[in-house]
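In this document, chain identifiers A, B and C correspond to the written order of the chains, with residue numbering beginning at 1 in each.
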Amino acid sequence: MKKAAAYLLLTLGAAVMIYPLLWLAGASLKSNDEIFSSPWFMPESLDLSVYARAWQTVTGHTMGHYFLNTFAIIIPKTLFAVVSSVLTAYGFSRFDFPFKRLFYALFMGTMFMPAIVTIMPMYLMWSRLGVLDTYIPLTVPALFAAEGSFVFMLIRFFSGVPKEFDEAARIDGCNSVQILVHILVPCVRPVIVSISVFTFLWTMNDFLTPLIMISSVEKYPLSLILRLSADSTGNGYEQCKILAMSVIGLIPSIAVFGLAQKKFISGITAGGLSG
Amino acid sequence: MKKYILTAAAGCLASLSACGGNSAGFTPPDGTLDKCTLRFSWWGGDDRHEATLNAIELWNSKHPDITIVPEYGGWDGWTEKVGTQLSGGTEPDIMQINYDWLISFSSDGKGFYDLELLTDYLDLTQFDRDVLSFGEVGGVLNGVTVSVSGRGLFYNSETYKHFGAEYPKTWSELINLGEKFHKEDIYPLDVDIQSGGTAWYLAVVYVQQQTGRQFITIDGELGFTEDDIKEALDFYKKLEDGHVIRTIDMRTDEDGTAALYQSPEFIDGRVAGVLEWGSSVGKYEMTLSEGVLEAGPMLSDDSGKSGGWMIKPSLLYAISRNTKNPDEAAAFMDFMLNDTEAASLLGTTRGIPASRTAEESLEKSGRLTGLAQENDALLEQLDTMTISPYMELAQMKEYYNSAIEKVSYNAADSAEAAHEMYVSITEYLERIRK
Amino acid sequence: MKKKYRNPVGVCKYSGLLFITPFLAGFLLFTLYPFASSFILGLTEYDGIRQPEFTGFGNFRKMLGDSSFLNAAAVTLKYTAVLVPLKLIFSLLAALTLNMEIKGMGVYRTIFYIPSILGSNLAVVIMWQFLFTSDGLVNQLLELCGLAPVGWYGDSAHAMGIIVLLRLWEFGSAMIIFLNALRDIPCEYYEAAKVDGCGKIRSFFSITLPLLRNVIFLNLILQIIAAMQEFNAPYMITGGGPLKGTYTLGMLIYDEMFKYREMGYANALSWVMFTLIAAVVAAAFGFTKRHREDI
């Protein structure tokens, strides 16, 4: 009885959470009139041709081109983020060094800084280095442990690995780097998955940074092409086309989350931000 | 120097075919121009994007050594983007610029390249002297006007037919339509307070027609009195109260912040009129069935006084002051402005070309038709005023729109709103002119 | 007195520094440098084209009389005050429910979490815009339930509701933090409470809440910081309107910086926003002091 009530409550909640997305998928197959007349998400007739039209963009390239662009940003960025965060977290959690408290405080502070402050100076810096309109401004910051919460997650995870492991390895002749690679990294695999997934999702969601740093349409990531198409005025404007593009834009995030979710959730829960 | 090498390297990457360096065998298009890659940026709707991309393709096929890289998007946020580039000195070589950019980015005439220096490649003789003068700042030619255009009224002919209504010729006819259409919950016109700011524009036209005073003068003085501003706001309110236009409350409820041409109300003909530039009306035209959107008369008062309507250079082309290849950029700009083949590809997607060769080429091929042309013809018959670039500044638009919004929501009466606007504008113009 | 560094034998005291080099370099390049230059710009009048002109604290004085700043600050605080408590309550309730040991819980957890991964993805924003138009899904559903449709965008309070609902819908990240903390509470506590005759509700208030207070505080801080920086949703969904009712500080800074090209003022505003966030966080610290163990 109590279980039934719980299931009812959960199912109701889940429906509220997921229905907007279902509606979006359904509405992408509806006519303009149908979108605004029926709250039920299933379209009256199933015609997938809108997706073929949405795949073509006004730029002469297909969405496929922009997917590749996005991945060209995500892949190096993820690698950079993982390596730099692991190193930094290792340094903070396993070593004692001059000014450690100060640096740790600075590190915590960076997590509270409003991002908008830095956009303009960063733009000017990248422009002086002559790398605007490349993916460098989008990927290279990840090389410097730019995402404090990743480091934070790792520190908490590392502290769960007994220091005796390191000491045993050290006695066996391992140096600090070997200990990190052979002992600690295997223990934090779920966190590495979480970091990768977060990097993926946040890059997919980011709009302002590429808007400012990337100027040629050729090099746009998916988020900018969505925006360009949202301004679109094509023949006999179809609401469903922009909705279909939105669906295409969301699929990678949901797919990656779906594939990695077991490891991902254990990564953020076991070592997560919990007190 | 370093920067130069980097740019050169980027150029090489972009056109791998010619990476052999300057001495390797390539032929400059006419013996004097260098091989290079140029960036060209513009904003607009899909019609303009498609036509421009085609024209670029034509150029690239004719001049394989000068590659044009396109950068484009919608109007919203475009000024912000190019402004950032200009601050960083990273703007494209050739830019489509808006009228007010001349004062916000080049108040001393040094913000863009001096085009008089490039007349070897850029044929300026195709333009009337007074059209060219639009692009001058402090005596320096910063931009060439692509087309001269003004806002005109365009109506959904099907809706008007449905009511058996004529397109209004006078303000009072327009206001009478409100009641007539209201019975079926339909609106004869739409104006906005978004980036277009057509609400204030229409009210300004009305008051300018009444008073003969120009709202903002060409050199950036406020020509309206506080009473004039109040009258404009009252006029706007009258349109709302007479159901000529939707209230802002209703308009935003229906569509949020979506553009009018994307809203179901416009597409279904429930909102049956729009105030738009002749050079940009294409995006409205495209969303309706062919031939449904028609140009209507410029409104006059009951005594037939028809002044007060305005024109401006709808767009200009400018060249970056930082460009490494000014001659080549000028050659491409000339192609976009004067080339007859390019003109036929571009059509009227940027309004009726101000260049004589381009206009003639369109006329010959019978392409000089359509709404942009009709709008142009209507404006030509009137005694128009030239819009001040100061009127178009983003901060100024913010003052207009917020006053209109307050009046619409009854958050302030028109006298209060007019006073506030008068003070803000006077202060701002004073600060910006210095 | 010479400080001793507690490192394993044979590890130099600078080894750790070597490992945190990425962070240190990043801090200098991507935090300290932009922040310092933004502070300096904040003391100037600068349009991005002409040379900046030093004006001292002129920008800060200007703020005091700038009604759009005062309005944006008020909107931001109001938004934070509405959203953060609601989000904490929702995510805690969801976490409590999802913490039950029943079959298929994993699926529910995933579903509840999904919206939060989409953040400010433009696609989600476009969808959200559609949901709240006058004949959009939300009003259709209201009518289905026999309720009157709501004019969402036209009214300041309702428009803020659209943004608040979007962020509430994305409560997953806060929920996961609670869920994780709940799992760390040993079952024995509850069993002992049961033996003592405590009801469910009583044991929630006397066991769960006290044990969660640190996590609640952590979530509170994280959510305050996120809410006070809100920019994307109002920028893309309501445009800050109507009547500037959803015009947040983040939007004001963006507009001053990129639209009106008052870069000096925009940078001064960013610093005020930073200070304001610090102040609210400090107030939260003070306010919860009695209820919180030291962390």
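The rule we apply is simple: contacts are C-beta pairs under 8 Å (C-beta built on N, C-alpha and C of every residue); 3 or more make two chains touch, one makes a residue touch a chain.
Every value quoted in this text rests on a predicted model; they were computed, and no experiment measured them.
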Per Cα centroids, the chain farthest from subunit A = B
Given the contact rule stated at the top, which pair of chains has the most C-beta pairs in contact?
-> A-C
Inter-chain centre distance, subunit B versus subunit C - centres from mean C-alpha coordinates, in Å | 39
When centres are defined as mean Cα positions, the distance from subunit A to subunit C in whole Å is 17
Centre to centre, by mean C-alpha position, how many angstrom separate subunit A and subunit B?
-> 38
Flagged in subunit B as touching 2+ other chains are 84, 87, 264
For subunit A, what residues touch not just one other chain but two or more?
-> 36, 120, 124, 227, 230, 239
Multi-partner residues in subunit C (2 or more other chains touched) are 133, 135, 263
Spell out the residues on subunit C that touch subunit A in their complex, using ranges where they run on.
-> 3, 5-11, 13-27, 29-31, 33-35, 37-38, 41, 94, 97-98, 100, 102, 108-115, 117-124, 126-128, 130-131, 133, 135-137, 140-141, 144, 169, 176-177, 179-181, 183-184, 214-215, 217-218, 222, 225, 228-229, 231-232, 250, 253-254, 257, 263, 266-267, 270-271, 273-274, 277-278, 281, 295
Would you mind writing out the residues of subunit B in touch with subunit A in their complex?
-> 2-3, 6-7, 39, 41, 45-47, 49-50, 53, 69-77, 81, 84-85, 87-90, 92, 259, 261-262, 264, 267, 282-283, 286-287, 289
For subunit B, which residues count as touching subunit C in their complex?
-> 79-80, 83-84, 86-87, 104-107, 111, 194, 248-258, 264, 394-395, 398, 402, 405-406, 409, 411
Interface with subunit B, subunit C side, in the complex: residues 47-50, 129, 132-135, 151-155, 159, 237-239, 241-244, 258-261, 263
Subunit A residues within the subunit B interface of the complex | 32, 36, 58-60, 120, 123-124, 127, 130, 132-133, 211-212, 215-218, 227-228, 230-237, 239
